[in-house]
Every structure is written in structure tokens, then in C-alpha cells.
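Would you mind keeping the following structure in view while I ask a few things?
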Amino acid sequence: MNIGNLPFVVAALLVAFGIYTFLYKRNLIKLVIGVSLVETGVNLFLVALGYRTAGIAPIYTFAPAAKQMVLPTPQALTLTSIVIGLATTALLLSFAVFIHRHYGTLDVRKVKELRG
Amino acid sequence: MTALTQHAPVLLIAIPLLGAFGVPLIGKLGRGARNTFVGLIALLTAAFAGLLAASVFGAAGAPSLYVLGGNGFGVPLPSGMSIPIRIILETDGMSAFMALITALITLTGAFFSFSYWKDRSGGTLYYSLLMLLTAGIFGMELTGDMFNFFVFLEVTSIAACGLIGFRVWLKTSQEAGFKVMALYTLSGLFVLLAVGLLYGQYGGLNIAYLASALTGSTIDVVALGLLLAGLALKAGAVPLHMWAPDAYGEAPAPMSAVLVANSQASLYGLFRILFTLFGLTISVAALGWILIVLALLTIFVGVTMALIQNDIKRLIAYGAVSQIGYMLLGVGVGLAVSVAKPDYGFVAMQGGIFHMFNDAACIGLLFLASGVIVRATGTRDLNQMGGLAHSMKWTSVLFLIGAFALAGVPPFNGFASKFLIYEASFKLSPFLAVVAVLSSILLLAVFVKVFQAAFLGARRDGLPAEVPIGMMVPMVALALVVIVFGLFPGFFVDKIVTPAANALWYGRDAYIGLVLGGG
Amino acid sequence: MNTGMSIIVRTITRLVYGLALVFGFYVIMHGHLTPGGGFQGGAVVASAFALLLVAFGAAGIKGRLNAHLLQTLEEIGALAFLALGFVGIGTAFFYNLLANSGSLFGGPVLPLGSNAGVFDAGGTLPLMNWAVGLKVMTGIAAVVIVMLIGARKEETE
Amino acid sequence: MKKAAILAAFLFVGAFLLLAATSMRPFGEPTFAGMDDYFIANTQIEVAANNAVTAVVFDYRGFDTLGEATVLFAAVVGVLALFRKLREDEA
């Protein structure tokens, strides 16, 4: 079955959902979820770039003979990007903990000391 | 000595990393050992930046390579291949110029912190984050690989946000930290998405390879848009500036200066992408005008918002935002006319690039001085200060030097670069020059107000004494840079600014040819 | 507070904990032969620590997992990784000095193509896997512990 | 006004992304795979590793991995710094 470039469209939709969440939700945790959604979409996009039809993982240990392998670079990039996503999420959630400690709320409409 | 010069690009990144990983271990030995270690690492980094600059500017800004992990660091392509497969650091006049700025700011920031952060908790982690930020900024400036650029962009984002939220007892710092981290992450993801698009289209990640392969298709335009949005956000250009005053205002004072260097590194990335990566494959004039419009908005919004602030750090932060606009204006004018390449386009480029250095020096000086003021008075509200000039003569003089330089008053360095920008943008359209000049005058008015509010006025009881020598020396050093660059602008424009502008303006073919051969 | 979860969860945790550790170390050790590597294995080990933390609570692991010790180990892992990058600087930074050198992990891969995997190969790769694995497992564990204790403090106040 | 600007920005970015995704090449058929074919062909010879992904992560693009480790380190340091024990005059 030929699916054209459907996987890329799905990744773009995930990114768009993430941006929607980021722009329209009022809870700090939901903002973090939005950022994570964007990350997931980008990771999906990256890993989809490396697929070759009917390819196998680019690892020679007990590999079936004479099969085409998928591209290794996008997998390496995705690995890097996942770790970076983990790091940013950890820091964002820490900030959320401290905002809750100071303001007693996670509602962005009430966390507005910095304006103008 | 030559071996050190050849390895200088990678050592510039690896030595701050060594510092960052090592500081927490050394910190267990005590404060003295830790500060010595940090100082040594900062000095060593600055020395390597100087070495790199000397070799690059000695060769009139010609690009040079460092292939990481290769059989010898000068061979970009394995035999029989036309795509570079390893990560390549590529340094030309522009990267070396940026490395000089970063070295200056991080060195002064680190030494200022030794006495500024003396009575605070968590010093070890603070210096570790500072070193990580330094390494990230150098990485962004020296790399020749798109994905590597993204990785170092994220290093700077996370280290910067750790520093912005470092004073956890301030509720505003936590709010700023969250906001800035979320927006930095989005900007990084935009860049990553663009890198993914380009990789999917051309199967490579090296800037020079991509530059030679680009065709100007729809995907390329989308990638350019994403890169433009992501890097403009990270640089703090209006309308994506909402994080910048929070970040600069809430970070500890010396770190605000380093954050400005970080924004400038993103701006460097933007220029590198526009001139070297995309070059003439897209409609350059239209892009140049986009940059000019962004620049005018940034200048205007920055200055008018600075006008209404009562918080001294936030006011300087808006001043910093407006200066990003001047750099964008200079380079935007250059980009708008880079097809015909008239003389004034090159002058505009020189002005915009020279202003990066001058802005780093004078805004750094202002942020350090504001740290001194806030520490001495215990408040950031301008209405509650006053009379500081009676007890802090040196600080008031230094603050005045920084303010005059920022507002472009001769004979300080801000005037030298702004004059080039005025002159060149006037030739493109007088309107641009008028906005730029008027905004500078307004900025001068703003800083006269600050000076009047904080330093002048009657002598009060309990005025703080002059700052310790440890904070004074970095400020004096920056002030000297401001004055020397203002008195001899011609020398510096010839020696370091022209090679940097050349690298962007004419250097695309040399940049690509060095990696891919031919050229 | 901080007493952890029910006896069922604790018992299962005792059973699974060791398995997760072994699996994590296996993934790190065989990073150059099978899917996985330092990051993945480190994350598995860290998840075992996190499981312990969830099941027994911050008080239950007191004295066994200490954030400062973990942080020190993380710095050692990071420094080791950087040092492995410096090893090849005679040729170029990050040059794989040990690959095909005949020394430790310097064996050639024979036969080429599909094979059963040669453990004594890969040059600096296995060493880097260990450095990164140490860094990731201790780093994530430190973050989880610090955030859990910090957030718990929130609830009790 | 502000709501309209946010909506416009969202629609613009969304349309931009969909435009990119729909004009991508078909899934599963990379057009330029020269760099990756080199990795697959040479991982056993140059790096002596069976796993091409690990070879890319730690050898060919090892510097990225150093940056990635640095990011994680920065996050750990940042989190530890936020949750650190404060001095009494700072609370």
C-alpha cells in the first residue's frame, strides 16, 4: 500500500496540536504538555525521515542477509532530541513547582507579576 | 603554538565544558579553590578566543576547518564522497568576531560574580551553569553543522533558564524562568524542525553542503521561515520579544550581560543562515526588508517601553532589546541590497556587526552597574533611589559612560557603529535613518532620567559605600573597551569588523568551497 | 507522608527492581552490538531507581540513594566522556583512537556483514557507553529524587 | 485584538506546517542517502561496531552527543540549583 507522505502530515498535526495547547490552555502543567506534544511531533517527523520501505534496523548483529537497512542518522538525531526534551521538561516542571510555591496557583492568568 | 591554534576552535568549547563538569567537584575543596579554578578556566577560554581571533584575522578572515573525529582535522570529505559525514567546525571572520565578544563578556561576568555572588548560596552550581552557557555560546558561533547548532542552542537555553531562575526566593524570577524556558524550547523546536526538513530533502546536515544543494523549493522556504522565527525569538526581536525584558531583568546582574551575548549568538545564527546557508537562492531583497521592518519595530518598541519603566533592570533590559534592532537594521540594509552590492550596503553591514561588539560592551557595563546599584540600595525601584553619586563616585561615572555609549553619544563606541548605520540606512531610505536617530535621542533622555533618579539628588543618611575592588575591576575593564573602541573606531573596523562583514557579504563561495572543494 | 505505597506494590518492586537493573546494565554493555546504548540503558536503570522511590517513598530510601552522591557520580561520568573525547586529540577531537588498534576493545569485526557480534570491538564506543550510562542513570535519578522531595515538602507545608 | 493575533499566529503556523508536510517527498523513499549509506557501509570497518546507530551517535557525530550530555547535565544542575538549600537571609 502506498501511503504517500501521510506520516509527515501526522507529525505536522501533532506539532499543530501542541502549539494549540500552548497558546490556548491556562494551566502551567498543560503548557508543559503542549511543549512535550510539539517535541513528540518533531521526534516523530525526524524518525519518519529515515525509513526506507521494507528496511531493517541498521544493526549487523544477526541481521537477515541482503536486506536494505534504514538510515541511521535520523535515529541518532531523534535520540539526541529526546534527551533534550527530557531535560527541558524537567526544568519546566521544577519552575512550575516553585511558581505553585510562590503564587499558590498554576493558573497563568494569576501568575502575572511581570508585565509591561 | 601552531598545534594549539589549530585546535583552538574545539578547545574553546571543550575547556568551558571541562570547567562546568569540574566545578562541582573542585567546589568540594572550598570557595577559594573553586574561584581559582573558575577564574583559570575563564582566562584560558579568553586566551584561546584571542588565539583563534589572531589566527583568523591574521589570514584576513579566511575560513578554516576542524573536522571532529576525522583522520586528521583538515580533511572534510572521505575519499569518494561528496557529502561531509562528520561534524565540522568552520571558523571565519564572523565566528572569530563573535567569539571575541563572548570571551569578553563571560570573562568580565565571571570575575564580577566572584564578589557579587560571594554572600549567596549555590555558588558552585551558579558557576557550573555559567560555564555551560559559555560553552553553548561558543558552540553556536563556531559550528559548521546545522544539527550541532541546534544542540548548542539548547545548551544555552537550559543553562540560561537555570540562571534566570537562580534566585528562587523571588517569585518573579520563577515566573520569568518558566516563561523563558517554554519560549526557548519552542524556538529550539522550530529550528530542529527546519533542520529535519532540510535533512529530509538533501540528506546532509553540514551548512556548506546544504548551501550548495539548496534549490529554493517550497520546503526550503518553509525551513527558512521556521529558522527565521525560531532565531528571531531567541534573539529577542519584536514581536517575539516578550521574554527578553523578563529574562534580562530577573537574572543575576552579571548573567544578564551574558544573556545578551547569548541573544547575539542567535542573531549570528540568523545572519549565518541568511547569508551563507541561503545566500542568493531566495529573494534576498524581500528578506532584507522583512529584517528592516523587524528592526524598526524592535528599536521603536524597545525605546518606548524603556521610557515608561520604573524598575532599573527592566529599563536597561528594554534598552538591550532596542539595540538588537540596530544590529538587525544594519545587516537588514546590507541584505536588502546584497544583489547589487553597492558600497553603502557594505558600510551598513560593518555598522550592524560593529554594533554587536559595542552593544555587548556597553550594555554589559550597564548591567554590572545596575547590579551594584541594586545591591547597594536594596531596591530596583527608581523612585526610591537617589543621591548615590555622593558615595559612589566611580560607579556613577562608569554608569554614565555606559549610558552615553548605549545612546550613541560621541566619543564613545556606540556612536562609532551607529554612525555607520545611520549613514548607510539614509542612503537606502532617509526614513530609516530618521527613526534610528530619533530613537537614540529618546534613549539618551531615558538614561538621563535614570541617572538623575539614581545618582543625583540630596545626600541621604545611610548611603552605601563604594563597591569592592572585585566588582570595580570588571566594570573599569568594560569601560576601557567602550572608550578605546570609541576613540579609535577606524583601527578596529579595519582589523576585525571588515573581515567579519566580508565573511558574510562575499564569503559564501569560500565557505562552501573549503568544505566541498573547488569554490 | 513519605511512607510509600501498599505491600503489593512494594513486593513487586522488590522483584522487578533487580531485573530492571540487570537489563539496564545489559543494554549499556552491549550498546555497540544490539539496539540500545548508554542513554537507553541509563534511562532503564534510572527508572528502576524511580520505581524504588515511588514504592518506598522518600523516607524509605533515605541513606541508600543520596542526591549529592548521585550528582558527584554524574560529574565523574561527564568528565569521563569528555576525557574520552580528548583521548584522540593527537589526531582530532573525538577521534576513535582505540578502534582496530588491537588493544582493549580494539578487535576487528569479523566476518563483515551479518554476524553474531564481537564484544571486544568498537574502540572507545563501549567506554563512552559506560560513561554516558553512568551519567544518565545518576543524573535522572538525582533529578527525580530532588523533585520528589521538593514537591512533597510542598504538600506538607 | 490580542485574541485575534493569537488565532492568526496559530492558523499561520499550522498552515505553514501542513504546507511543508504535504510537499515532502513520499514516506519511505529518501532521495539523498549518500551520507547514511556511507555509515551503513563503513560502521564495521572504520568503527568496528555492529550497531550503526551507536557508531553515528558516539563516533561520526560524537560531538553532538557531548552536547546532548551537556544539556542533560545542565538540566540536572539547574534542577539541583532550584531545589538547593537556601541561606537564612535569602528565604
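We call the chains A, B, C and D, going by the order they appear; numbering starts again at 1 in every chain.
Just so it is clear, a residue touches a chain if its C-beta (ideal position, glycine included) is under 8 Å from a C-beta of that chain, and two chains touch if they have at least 3 such contacts.
Fair warning: this is a prediction, and the values are worked out from it, not measured in the lab.
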{"item": "More contacts between chains, B-D or A-B", "value": "B-D"}
{"item": "Distance between chain centroids, defined by C-alpha means - subunit A, subunit B (Å)", "value": "28"}
{"item": "Approximate Å spacing (C-alpha centroids) for the pair subunit A, subunit C", "value": "23"}
{"item": "Subunit B and subunit C: spacing of chain centres that average the CA atoms, whole Å", "value": "36"}
{"item": "Residues of subunit D whose C-beta touches two or more other chains", "value": "17, 20, 24-25, 30, 33, 35-36, 39, 44, 50-51, 53, 55, 57, 59, 61-68, 70-76, 78-80, 82-83"}
{"item": "Touching two or more other chains - residues of subunit C", "value": "33-35, 39, 71, 78, 82, 85, 93-94, 96, 109, 113, 115, 117, 136, 140, 143, 147, 150"}
{"item": "Residues of subunit B touching at least two other chains", "value": "17, 21, 24, 68-69, 147, 151, 154, 158, 161-162, 165, 168, 193, 200, 205"}
{"item": "Category of the chain touch graph - line, ring, star, complete, other", "value": "complete"}
{"item": "Subunit B contact footprint on subunit D (complex, rising order)", "value": "16-17, 19-20, 23-25, 30-36, 38-39, 59-64, 66-68, 70-71, 73-75, 77-78, 80-82, 84-87, 90-91"}
{"item": "Residue ranges of subunit C touching subunit A (in the complex, touch as defined)", "value": "33-35, 39, 109, 113-117, 136, 140, 143, 147, 150-151, 154"}
{"item": "Subunit C-touching residues of subunit A, taken from the complex the two chains share", "value": "57, 59-65, 79, 83, 86, 90, 93-94, 97, 100-101"}
{"item": "Residues of subunit C defined as touching subunit D within the complex", "value": "31-35, 37, 39, 67, 71, 74, 78, 81-82, 85, 93-94, 96, 99-100, 106-109, 112-113, 115, 117-118, 121-125, 128-129, 132, 135-136, 139-140, 142-143, 146-147, 149-150"}
{"item": "Parts of subunit A lying in touch with subunit D, wherever the complex brings them together", "value": "2-9, 11-13, 15-16, 19-20, 23-24, 48-53, 57-61, 69, 71-73, 75-77, 79-80, 83-84, 86-88, 90-91, 94-95, 98"}
